[in-house]
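Multiple structures follow.
Two complexes come next, and they have one chain in common, chain A, joined by chain B in the first and chain C in the second.
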Partner chain A sequence: MTTSPPRTPPRPARRRASQGRTALYFLAPALLALVVLRLLPAAMALVSSARHHSLVDGTTTFVGLGNYTDLLSDSQFWQSVRVTLLFSLVINPLQVLIALGLAVLLGRRFAGVRFWRSLVFAPIAVPPAVSAVIWGILYRPEGPLNAILGALGIPPQPFLTSSEQALFALIVLMSWVGVGYWMMFLIAGLQDIPQECYDAAAVDGASAWQRFFHVTLPLLRRPLAFVLVADTVANFLVFAPVQLLTRGGPDGSTNLMMYDVFRRAYSVGDINFAQAEVVVLVAITLAVVVVQFRMMQGKGEE
Partner chain B sequence: MTSSPSRRTVLGAALGVASAAALAGCSGGRPADGRTAVRFLGPETPETFRAVIRGFERANPGIRIDYTPVPPDQLGDVLQLRLSAKDSAIDVYAVDQPRVPALTARGFLTDLNRIADRTKAAVTPEQYAVSSWDGTLRSLPIWTSTQYLFYNADLLAKAGVALPDAAPADRWSWERTRAAGRRAMDRAGADYALLLEQTDLYYGLQPLIESLHGGSGITGKDMLTPAVTTQGWIDALDWYRTLFADGSSPRGIPSYQLSSLFTSGRVPFFVGGPWNLGAFAGLKDFTWGTAPQPKFAHGRAVTPTDSWSWGVNPYAEHPEAGLRFMEYAALTTEGSLSTVEASPLIPSNRKAFDRYAADLADKATKSTAGVATIMRYELAHTAVSRPRSIGYTQFETVMGSAFSDIRNGSAVEPRLAKASGELVRTWERLR
Partner chain C sequence: MKTTNAPVPSTPRRLSALRHMPLVTAVVMGVLFALPLLWVLAGSLRPGDKVLAGLDRVSWHSLIPTDATLHNYVTLFRGDFGRAVLNSIGVAVATVLLGLVLSAMAAFALSVFRFRGRGLVFAVILLSFMIPFDAIAIPLSDIFRDWGLQNTYAGLILPGIGNGLAIFLLRQFFLAIPRELVEAARMDGLSWWGVFTKIYVPLSRPALIGAGLTLFTFQWQSYMWPLLVGTEPDKQLGPIALGTLQGQMVVDYGQVFAAAVVLTVIPLLVLLRLQRYFTQSIAGSGLK
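Moving on, here comes the complex of A and B:
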């Protein structure tokens, strides 16, 4: 009579390999999407940015960094970079501060708070093109905004037809759209802060401002970092209102880089040149986001 | 049976089902009714093409036309985007006639030389020429165009201004038109003096510039050298700038809304295309009339012309069916006339043009009394086509921005110099 050998449990290495395969199966759709929808287009953009197509003889040639040197010597590109940086410098702190203020205000419990939250959040549910059309009407020289200003005794403003005001008019529009959205993330962050922290601070005799600066802000660091980074990236990619309302004008004052890329790619039809600008735009965005991350980490360590 | 193959089988089956569903969704060329679907892209409302599509489908029961409208100012961008991606979901598309050279150079238009003889026989020589490039027929012309000066007779009478004459020999000057409009603002309460329907568009501004002998703006052997800083360009755009600076025309109202400002009875003059004739026909609130487009007092009479052709996408799924639809619309009298049934543009087809012009004269009202005569005169004597260059797309884009800035108050000479520099850089990259 023979006895069957005792079953030995699978060796840890084999088990790890098997688990790895299973994990890979589960991750495969996401990895595939990442490769096909993100990495491959990025690689294609890089390759395309090193080529040039001649409409005169119909040939496409490899030009290396030629498109980048052309871009860096193009005054319109530099104007677009300046406009984009100014736009980002104003709109990002503005939106985050307003969103934070609204989150603190509407994070409290009072009668009708849900209604007010919905009202602030509602613009994000409106398609960007529709928002642009609504604000295009408001900003008309003989439009409703100037009628209100007139009633207050303020002279009519040119808004989108002035190179001094157009960019700020877009900042107001985009903030109207975005602030409610970012506010929701911050309200969620506020609700995650344990009430005990506030109670302890109150016992220590902290004032409302002290509680805000020493309890709320430090514990809101992660959602704030997310909002700041995501908002910055979103604002680097603003396109629809520029295309619909100003087309980069007047005098290039609203020529944000994303619109400049579109104009070069599809209005002018120089796709290789536009790809070079896309690569530069991504590089600038990444650089700004890295700096933001470092700053937020630094604050946390303190 | 182990569990591993089973998971794979399930995953494989799921992928297969998903792929099949996706493929089924992609096979849009042959709809459930078994007819071949020709996908047609253009800038007009669906109503404009309803008659020609209905007529064609009746004559060709096996083919269905699926029309997708795109806003006119976005059509160029959309075509560049989709055709450069070799999108096969467009079979036939509307081609802005001055863009035929650029679209040909990019490989976006199919060679139609095999039907060149039939096309030459059917359409006017000018329209055959603008639909071709480098001796090859690349598209079939559907319409041509001109512009008229529409006026609000009631407002002018109230202001004590004599009405413009419909005879081309008595054409008004731009200066006189604007002065009369200002008078209507002062005495009859008009909001503005004059509206140019094609604000900031080269089509609408070329006649002003060429009236002052400024040239088309493109020169050189290969038509890739800008010439937008001549005295004619500066003077014409200076006039354009002051038109908006002194409030004679409104800033900040999009082109497509200007006709409704005229039909609201608030402006005495409106310079616009023949497509407005249909919309204005039903106007009951005030008396209106039609006169030739003005010229500058010390300039020559110049009017815009050309319009749309249709081309076949080289990557089309159904090029033959698409071409058959184009032939019906461009080369048959019945088809050509049906393209102007809802929107009275001028047909490029010779026989259809004669019928259209005769109809225009026969059905003329007091408001449109001279329209047929004006149209024939302008097309024969004053029409100037837009320049033919593979760089026209870039030209129109760069100059559109410059026109817009000048309208908003930028100084003319430096802005034109900036545009010229931008054109030099842009065209250099085409080489």
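Moving on, here comes the complex of A and C:
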């Protein structure tokens, strides 16, 4: 490499244009896939949600916001929204707190920590349909959980067959799968905290609790925010365990929105109505994400 | 533990108990999380009629079968399930390969070239990555029905190959490759395709593995999509076949357990073997 000037574009405009064309060749397949497989269906859902397909004469008519106003006056929709909100309000804090606790515990260095971490991490590998089936058997009236309760002298519980317990049974099952995954993000975040921060706090005589609240938590804010948002989005879309285990029941107590959409589209057969609910679900999800990001940023500025 | 009148002798004992606390808690948590899987593994090795038997007395026999047999696995693979697992593997492998080619090419373009419309491209990727796939699965399955992609392998594979996260992961890694390398290669007359395949791809093994894991997990975990698009028995994927097994009138739990083990062990081996790359890739995805 001699002392030739690094950038001497003789005709910058032409070079840029030719780079643009080359870039397009490289980008085209991925862009095509993303537009056709993600954006197009999203746009279709929007269009389709403004239509009504009549089963009587087989015609499709434009109804504008008709499906949405019908949805807002549909008691089952609101019931599904309530179930989804209750589910979110319980499962998200629960999962993030347990994941944080596990990350602090298993992010340390001690003999065999990698092995114990792998055990907590293992349920990640279990596909949702498989975890649903496994826990469906664990929760059976004559299943192992009731056997353990029996050994402890506790009367058998109905779990999935009770409208009071079914949603919480799903929360336990989803947490078993999810917690190890979120823990990995938090461990990665913990390992990025420089040791000097802890050393400085130790010099100042901070107790373990003080170090956790004044060093670890503030420095873990970004990964925590990410985990909280990503976890919330994931939990808005829970589908497999509902479809395989409870079908929304008993008495609609596990009728999470994603399942409600599926039910409307395929059991009830009103696809346009279901699309309107998809749009509402995505809108709620995005709104929650925005609010959570705001809150997280707000806390950081204090 | 508040022995206020004799604090001196109590302190060392308390300290040593505290020192073992993390290990004890770690062991308890690890065992708790692994227990359901161990129980399923044990059940899959029992004769089918004994899987749920004897549960009224929980003992070590619940986890260690004394009469272990591979009978459940043999029966399972004689039925439709073997086909379904092969379908799952084939679909996952095709998704990873195609998805990696697409994502790496896009990431290369986004990290090497300056061109007009870059902002728009980023917006498309970001948007596609913020719209959750399961939410658009129903409208997409409508489109696929119109295009005759129902019950085809293409229909199962395609949704997995456009993955915004994989593109971001690869681009992050590509940006760290020194510019001089590219300029020297161009000076030597290497084409852009050559720069991509001879410099970027070979240098990016860890990032490619991380992105590949993302693509693999997406496909292996999908349930709603194959339910919507792959309903014919010969195109069924593993999770759907498992759902069918447990939804039958008379459920053979031995087979259900064996199927659960097969569908879990495959991704578990992949994840544990590549855990390092997985951690690296999640550490790079939006945290830094």
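Definition applied: the second predicted complex is superposed on the first by the 268 of 302 C-alpha atoms of A that agree within 3 Å, B and C clash if a C-alpha of one lies under 4 Å from a C-alpha of the other, contacts with A are read in each partner's own complex, and residues count from 1 in each chain.
Quick note on the criterion: contacts are C-beta pairs under 8 Å (C-beta built on N, C-alpha and C of every residue); 3 or more make two chains touch, one makes a residue touch a chain.
Bear in mind the structure is a predicted one, so any value in this text is a computation, not a measurement.
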Overlay on chain A: chain C relative to chain B, clash or fit: clash
Chain B versus chain C as contact partner of A:F115, first or second or both or neither: second
Partner chain(s) touched by A:E142 [first = chain B, second = chain C, both, neither]: both
Partner chain(s) touched by A:T69 [first = chain B, second = chain C, both, neither]: neither
Residue contacts with chain A in the superposition, chain B compared against chain C: C
Which of chain B and chain C A:G249 touches, first, second, both or neither: first
Partner chain(s) touched by A:S207 [first = chain B, second = chain C, both, neither]: neither
Touched partner set for A:S54, first chain B, second chain C, both or neither: first
Which superposed partner A:V268 touches (first chain B, second chain C, both, neither): first
Shared chain A surface residues [contacts with chain B and with chain C]: 140, 142-143, 262, 265, 271
In the complex with chain A, residue positions of chain B that touch it: 7, 11, 76-78, 80-81, 84, 102, 105-107, 222, 250-253, 390-391, 393-394, 397-398, 400-401, 404-405, 408-410, 415, 422, 425-426, 429-431
Residue numbers on chain C that touch chain A, as the complex places them: 22-23, 25-27, 29-31, 33-34, 36-37, 39-40, 52, 55-58, 62, 101-103, 105-106, 108-110, 112-117, 121, 124-125, 127-128, 130-140, 142-143, 158-159, 161-162, 164, 167, 180, 183-184, 192, 196, 220-221, 223-224, 227, 238-240, 242-243, 246-247, 253, 256, 259-260, 263-264, 267-268, 270-272, 275, 278-279, 282-283, 286-288
Partner chain B, residues of chain A touching it in the complex: 25, 52, 54-56, 58, 70, 74, 76, 139-143, 158-163, 247-252, 262-263, 265-271, 273
Chain A - residues contacting chain C, complex: 1, 6, 16, 19-20, 22-24, 26-27, 29-31, 33-42, 44-45, 48, 102, 105-106, 108, 110-113, 115-130, 133-138, 140, 142-144, 147-148, 150-151, 176, 180, 184-185, 187-189, 192, 222-223, 226, 233, 236-237, 239-240, 243-244, 258, 261-262, 265, 271, 274-275, 278, 281-282, 285-286, 289
